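Next up: some structures, all given as structure tokens.
What follows is a pair of complexes built around subunit A, which joins subunit B in one and subunit C in the other.
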Partner chain A sequence: MFAKRERKYKSTPNRLGVKGWYGSLKYNMEKYLYLLHRITGVGLAAFVILHVILMSSRMFGEEAYHQIHGLLMNPYTDIGMVIVTAALLFHGFNGIRLLLHEYGILFVRPKRPVYPYRVSVKSSGVRLFTILMIILAVLFFIPVLYEYIIIWW
Partner chain B sequence: MSILSYGGEIMKESYIRLIQYLLAAVIVVAIAFHLQLFSSLIGPGYIKAQTWEEVASRMDNPFYDGVYAVLLFTVLTHAFIGVRNVLFEFITSRVGRVVTSWTLFIIYVIILLLGIAEIVASAS
Partner chain C sequence: MSKMEVKNIRFVVKRWDPKDGRFFESEYTVPVYRGMTVLDALIYIKENIDKTLAFRGSCRMGVCGTCGIVINGKPRLACETQILHLNTDTVYLEPLHNLPLVKDLIIDHTPFFEKQNKIKPYLIRRDMEEYWNPTREYLQTPEEHLRYMQFTYCLTCALCYAACPTTATNPDFLGPQALMNTYRFIADSRDEGRLERIAIIDNPDGCWGCHLAGACSEVCPKGVDPALAIQLLRREVAKIAFGYVEPVEGAKVAPSLQLTEKRITKGPPEFTVEGAEEKLKEFKIPKTIPVEKSK
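Presenting the complex of A and B:
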């Protein structure tokens, strides 16, 4: 399978493109986190651009702000904001994990994968820290849900 | 400029990654100040924070102008570097990467200027 892939991407070694995101998901949890980090990152980037454009209405005064704000006051926006906040929390906590891991803070630095491809993240408490980060993201999401439940109630 | 000219391939990619991580560290702190506004447990809450009175009071507050300025620069830069990284995974030609980098850079500058104009107008 890998030989076929190597031939296909011979001109660009080690670059499977977007296919590489899901092509080896069967290996470990970190691959799923990697995929989610990419998806949430692109989604959040789109949101940030939209957010800056819409919020710039503030500089045109109260009326302009109310016009834009009025357009956004609907249940669909609320659901969208819940998804954006969940994506933000995931991206943030996973980002902290990546930063600490990559620079060897708290844990050993990741190694280049060599045969027989033992996954270094399974040792040294790295996996435990990953799970802790996920739990923290979920815990931080509770007050967010609480806020939206108040609105919807 | 070499970052844009060479698509970051030759020698600058590790610096971009370092910048990306430094920006992320700043964002984690700055975004906490922004998001606490929308929690009624520690701030005004989602509904109240979006009323014009609250928005106007934040616009007059130099602290929030500073927070928004930091957030604008860090989040936008982080976002555009991230999108560039993702796009580079399936744009492999040199020309394609240069075009992608410049296109993103132009969009980045436009959005950044819009945000700066908004913050300056709010502060004045």
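Presenting the complex of A and C:
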């Protein structure tokens, strides 16, 4: 289905690989959002696959469907669902941020670089919007968490 | 700390052995004084402790961009990093990531420059006669110059290339510097090769490989901000994808020198302010200010 991509440049022993995503802890906030976006993306894709597999149990009859859902009725699944919801909210709101920023929206115009240099991702408009998206993700997550806490109670 | 006070700092250098094809570490203790840079420390090690240590450095003032290494996990220029500003007793040095190794701290810039050359980093013009046999400079306003000026400060030190998380996993990704350079030429009013360049970078190994981690801008020693250039470049690519293609006509050539000479021979403009002549007489202001002669 997928054509194998042929790499023109060979990997070197000095190539960081996935370590380059988390590597040093001395970067800007956006690099960690980038890492979290990737992790949540992979996690959500895995969840969707698992969800489709579990739902397809209906093909084997109503009894098989209820049997599998009976197995899922435990607190660990609830904790898993809270994590999935948190991942979904983060991925969604960060996705909105990326959609806008990746087309240069809210970015400042190029200027004469004067020391101390201030990079565009740290400019007030871009940074404020980033923080706003994180706050919105947290605000949306609070009722979800509250709902689950009540269920557990 | 006064200027002459010295603090002993441990340097751990991750070195590449090209014969065995493996990394090994060497440790050195260097007496550090205030204002001493990492490049100074490397020169001290080379001169006094270990003559086999290989590193690159040239101008010592952040202009040539050859001394880029990874210092305490972050790509920096060795000549612009003061050791005492790092606030650590141990400094870890590594060669720049994601590039082929030559020896110790020296890396091979070949893939980096090959990728830069891919995007045609020169002015593309349709007037080939003027291009190959130029008569005068192309005209450009200061505002037009400011659109790309920030991106011309690039040293090609490859720090952004080493910091980019996409380059870390995709060896074919053009990298922040090449993409930034693409926008630098697209934004240049003298250039007419916008569509030609966009055809090269409009793919997952080009501008769509960037995921806005912002690490390239964070490490840039000259404030060039490649992340900004890449996002603006994507905007241009998206505009074209949606059919919004503005006709691009490169800047015109300045009028010939002959014309300018004629203009100069005309002399200064006539004194045309009404009533000014009378005012000058009234206040007894001389038309020419006398120059005092030295005795």
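Going forward, the second predicted complex is superposed on the first by the 115 of 153 C-alpha atoms of A that agree within 3 Å, B and C clash if a C-alpha of one lies under 4 Å from a C-alpha of the other, contacts with A are read in each partner's own complex, and residues count from 1 in each chain.
Just so it is clear, a residue touches a chain if its C-beta (ideal position, glycine included) is under 8 Å from a C-beta of that chain, and two chains touch if they have at least 3 such contacts.
Remember, it's a predicted structure, so these values are computed and weren't measured experimentally.
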Contacts for A:69 in the overlay, against subunit B (first) and subunit C (second): which applies, first, second, both or neither?
first
Between subunit B (first) and subunit C (second), which does A:102 come into contact with in this model arrangement: first, second, both, or neither?
both
For A:28 in the superposed arrangement: first (subunit B), second (subunit C), both or neither?
second
In the superposed arrangement, does A:92 touch subunit B (first), subunit C (second), both or neither?
first
So which positions on subunit A get touched by both subunit B and subunit C?
11-12, 15-18, 20-21, 102-103
Using the touch definition from the top, list the residues of subunit A that touch subunit B in their complex.
11-12, 15-18, 20-21, 38, 41-42, 44-45, 48-49, 52-53, 55-56, 58-59, 62, 65-66, 69, 88, 92, 95-96, 99, 102-103, 143-144, 146-148, 150-151
Within the complex, which stretch of subunit A touches subunit C?
7-21, 23-28, 30-31, 34-35, 37, 98, 101-104, 107-115, 117-121
Subunit C to subunit A touching residues, read off their complex
16, 21, 23, 72-74, 95-101, 107, 111, 146-151, 153, 163-165, 167-169, 171-172, 187, 210-215, 217-218, 220, 222-225, 227-229, 231-232, 234-235, 238
For the complex, give me every residue of subunit B touching subunit A.
21, 24-25, 27-28, 31, 38-41, 45-47, 50, 52, 55-56, 59, 72, 75-76, 79-80, 82-83, 86, 89-90, 92, 107, 111, 114-115, 117-118, 121-122
